[in-house]
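These notes are about the structure you will find just below.
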Amino acid sequence: MRHIAIGLEGSANKLGIGIVAHDDVTGKVEILSNIRHTHITPPGTGFLPRDTAAHHREHVLPVLENALREARITIKDINVICFTKGPGMGAPLASVAIVARTLSLLWDKPLVGVNHCIGHIEMGREITGAENPVVLYVSGGNTQVIAYAEKRYRIFGETLDIAVGNCLDRFARVLNLSNDPSPGYNIEQAAKSGKTFIELPYTVKGMDVSFSGILSYIEMIAQDQLASGECTPEDLCFSLQETIFAMLVETTERAMAHIGSKEVLIVGGVGCNLRLQEMMMQMVGQRGGKVFATDERFCIDNGIMIAHAGLLAFRTGFTTKLEESFCTQRFRTDEVYVSWRD
Amino acid sequence: MIDNGVLIKQGAEARIYIAPFLTRKAIVKERFSKSYRHPILDKKLTARRVTQEARCLYKCRRSGLDTPVVYFVDTENSTIYMEYVEGKTVKDILQEQSDDDEETSRLKNEEIANNIGIALANMHAADVIHGDLTTSNLLCRDLTGSLVVIDFGLSYVSILPEDKAVDLYVLERTFTSTHPNSETMFAPILEIYTKKYKDSGPVISKLEEVRLRGRKRSMVG
Amino acid sequence: MQSFSLELYPLSGQIHIALYTNVKNSADLKKRLLSHDQELKYAFIDAKVVLDKFQLLVAVNNAVHYEMYSKLKTHNVHSEIVYNLSPTTNISESLRRFGISDSTSEIIVVKVGGNNVEVKSHLNTLIDGEESSLDVFSRFADRSCIKKYYKISNNINDHEEILNIIIGSLAIKNVN
């Protein structure tokens, strides 16, 4: 039998709607459509909840129409409507959830609220074929080292303050880099021509990391040394990436050693960064293991991952009642009972 | 490579050998460079960690904590020679418990929790932050049953309750992530810790804060 | 006298350790040391500050290590052995406390290099005292003096634990 889910995501500045089909005879997962529209702000600024929600409201219907058209399905083919329950920014989450609720009533289809992080993990596993990897989840809002055990994705390490993507985004603002397509992408490009390594704080505590001290330190250096020409913005981007990615690779390796795993799956927006992937491959290669990473279609927030993770839960009998379909800004990865895995 | 050494563990950042050292049996921890790291960063980190590990091991030992005795620090080769401790990790002990009946494992856990609590109290009283408290880094000495804290590779000295709280938080999460069945062990550890460490008050309230920070972190940047 | 080589530095040659008791010419030996007499290529150590042979071996190993990497803090590997018995980095205090004084009557001698027959006969001409078995040198250890020099609190009395703290303090002495 074929199951079809539509997924709506808008927990940060990307609005995404995707449609996925699971075939429970062949086990095949088919991506029918994956449409995204991003709220991009001028250089030097970040995205604010209110404006982001307005962006999502403005674009959600055309994105929905595109997703349905591209999938070449009719409404009656859809089994379930999935939406991001959290974590994320309140207003953008709510602006998309209300669309999901409306569709549920309008089309008379069940709802499934999905944890955004679980969406990333399940999509990453599906796309790459990684079986039981240590997951490094790195984005603008999250930094976690995760591994599955006994029906939950357990958090082995995480940031003790800001997320790695947030650190990169905020530093991009300091340098006035463009937010198009994303601040992190532009830092990555600038880092390629960095020549001098500037020592920055390096903060690893067990499997946890911390970025706020590094950010304030590099902001200070930028202020003191850029104008005088002691260093270039490229040097700073290079040094920042080298330092914080080394921290991520180190904690991931520690988790691998701790649980005896040889696979690493990188998910989340920062996971697109090729330098991070390269460093991870060097580490994992030495351990005789394998790195799994996805490209920007799946690394960056999207609707497909919500549809896919939601459908996995739905097929084990899980639904979210209308009155429980509220959003929550804080929703830990390890709160979700993973009924679809052994 | 350590001559006369038998490699017993290829860790993430160090190779561990057993080797004879001046009439004794020693654990030799040789840190190696990580090719994914920028060479400047790599050199700095390796040197810093060798130094801090040796100093913190010694500081703890002086403060009455059972830690391996440091025999020799070879900074040229990023290698520390230390006492070989015959014992089992708490991780292994907890994971092997499925063979025991309920009462036996309850008593065992109680004793282990008690020993861990006392050890952490002593360590933090000496202002040493371990930096990587996991059940793999706690040993029970075969001969005396004493709890030995090992692997000070990420340790440092700090008087801040925040740092001590994060230390405890790291251990708490090991229990939830690695030993979901022994999750309840952390509470008695904390109880003994609070009792034995006279300045534990601010640490415990910070721990509350650190936990909340973890669970309630917002995505908003 | 005992002769052996260090596991880590087999190429540094043989290490020779000997104990002399009832020594009568300490003052003369000390004077010759201070004038850098080239005939005295030995470490002369006051036996009262050595609790255990392992302590001595650790200091010797350290000294040979630093010599190999050209990082000696003192004139030569022999003075470095004496210096490395001390937990502090104050050189003159270390040599005074752990080396011999005019009145030292029990001396532990360490020699790096040379062959044991020659070393032994040379020492017998240098030292006016009786060569004794190394098994007994702990007998001359002055615990209260050792505890003072290594800053070990009075409630630690177990031989092994005192030794452990001594070893640790020597190991991290030059680690900054």
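A, B and C are the chain letters, set down in written order, and residue numbers restart from 1 in every chain.
The definition used in the following text is that a residue touches a chain if its C-beta (ideal position, glycine included) is under 8 Å from a C-beta of that chain, and two chains touch if they have at least 3 such contacts.
Which protein is which chain? UniProt says A = N(6)-L-threonylcarbamoyladenine synthase; B = non-specific serine/threonine protein kinase; C = EKC/KEOPS complex subunit CGI121.
Just so it is clear, the model here is predicted, and its values are computed rather than measured.
Visitor: Chain contact graph: line, ring, star, complete or other?
Guide: Contact map by chain: line.
Visitor: Quick check for you: compute each chain's CA centroid and the global CA centroid, then name the chain with the smallest gap between them.
Guide: B
Visitor: Need the CA-centroid distance for the pair chain B / chain C, whole Å please.
Guide: 35
Visitor: Any idea how many Å lie between the Cα centroids of chain A and chain C?
Guide: 62
Visitor: If you average the Cα atoms of chain A and of chain B to get two centres, how far apart are those centres in Å?
Guide: 32
Visitor: Which residues belonging to chain B are in contact with no fewer than two other chains?
Guide: Where chain B is concerned, no single residue meets two or more other chains.
Visitor: Using the touch definition up top, name the residues of chain A that touch chain B in the complex.
Guide: These residues of chain A touch chain B: 11-12, 46, 49, 87-89, 140-142, 147, 149-150, 154-156, 158-163, 165-166, 169-170, 197, 199, 202, 204-208, 242-243, 246, 249-250, 253-254, 256-259, 279-280, 282-283, 286, 329-330, 332, 334.
Visitor: Which residues, counting only chain C, touch chain B once they are in their complex?
Guide: 6-8, 53-54, 57-58, 61-62, 65, 69, 164-165, 167-169, 171-172, 174-176
Visitor: Write out the stretch or stretches of chain B touching chain C in their complex.
Guide: Interface residues on the chain B side: 3-4, 19-24, 50-51, 54-55, 57-58, 61-62, 69-76, 81, 83.
Visitor: What residues of chain B sit close enough to touch chain A in their complex?
Guide: 11-13, 34-38, 40-41, 44-45, 131-134, 136, 154, 166-167, 169-170, 173, 176-178, 180, 210, 213-221
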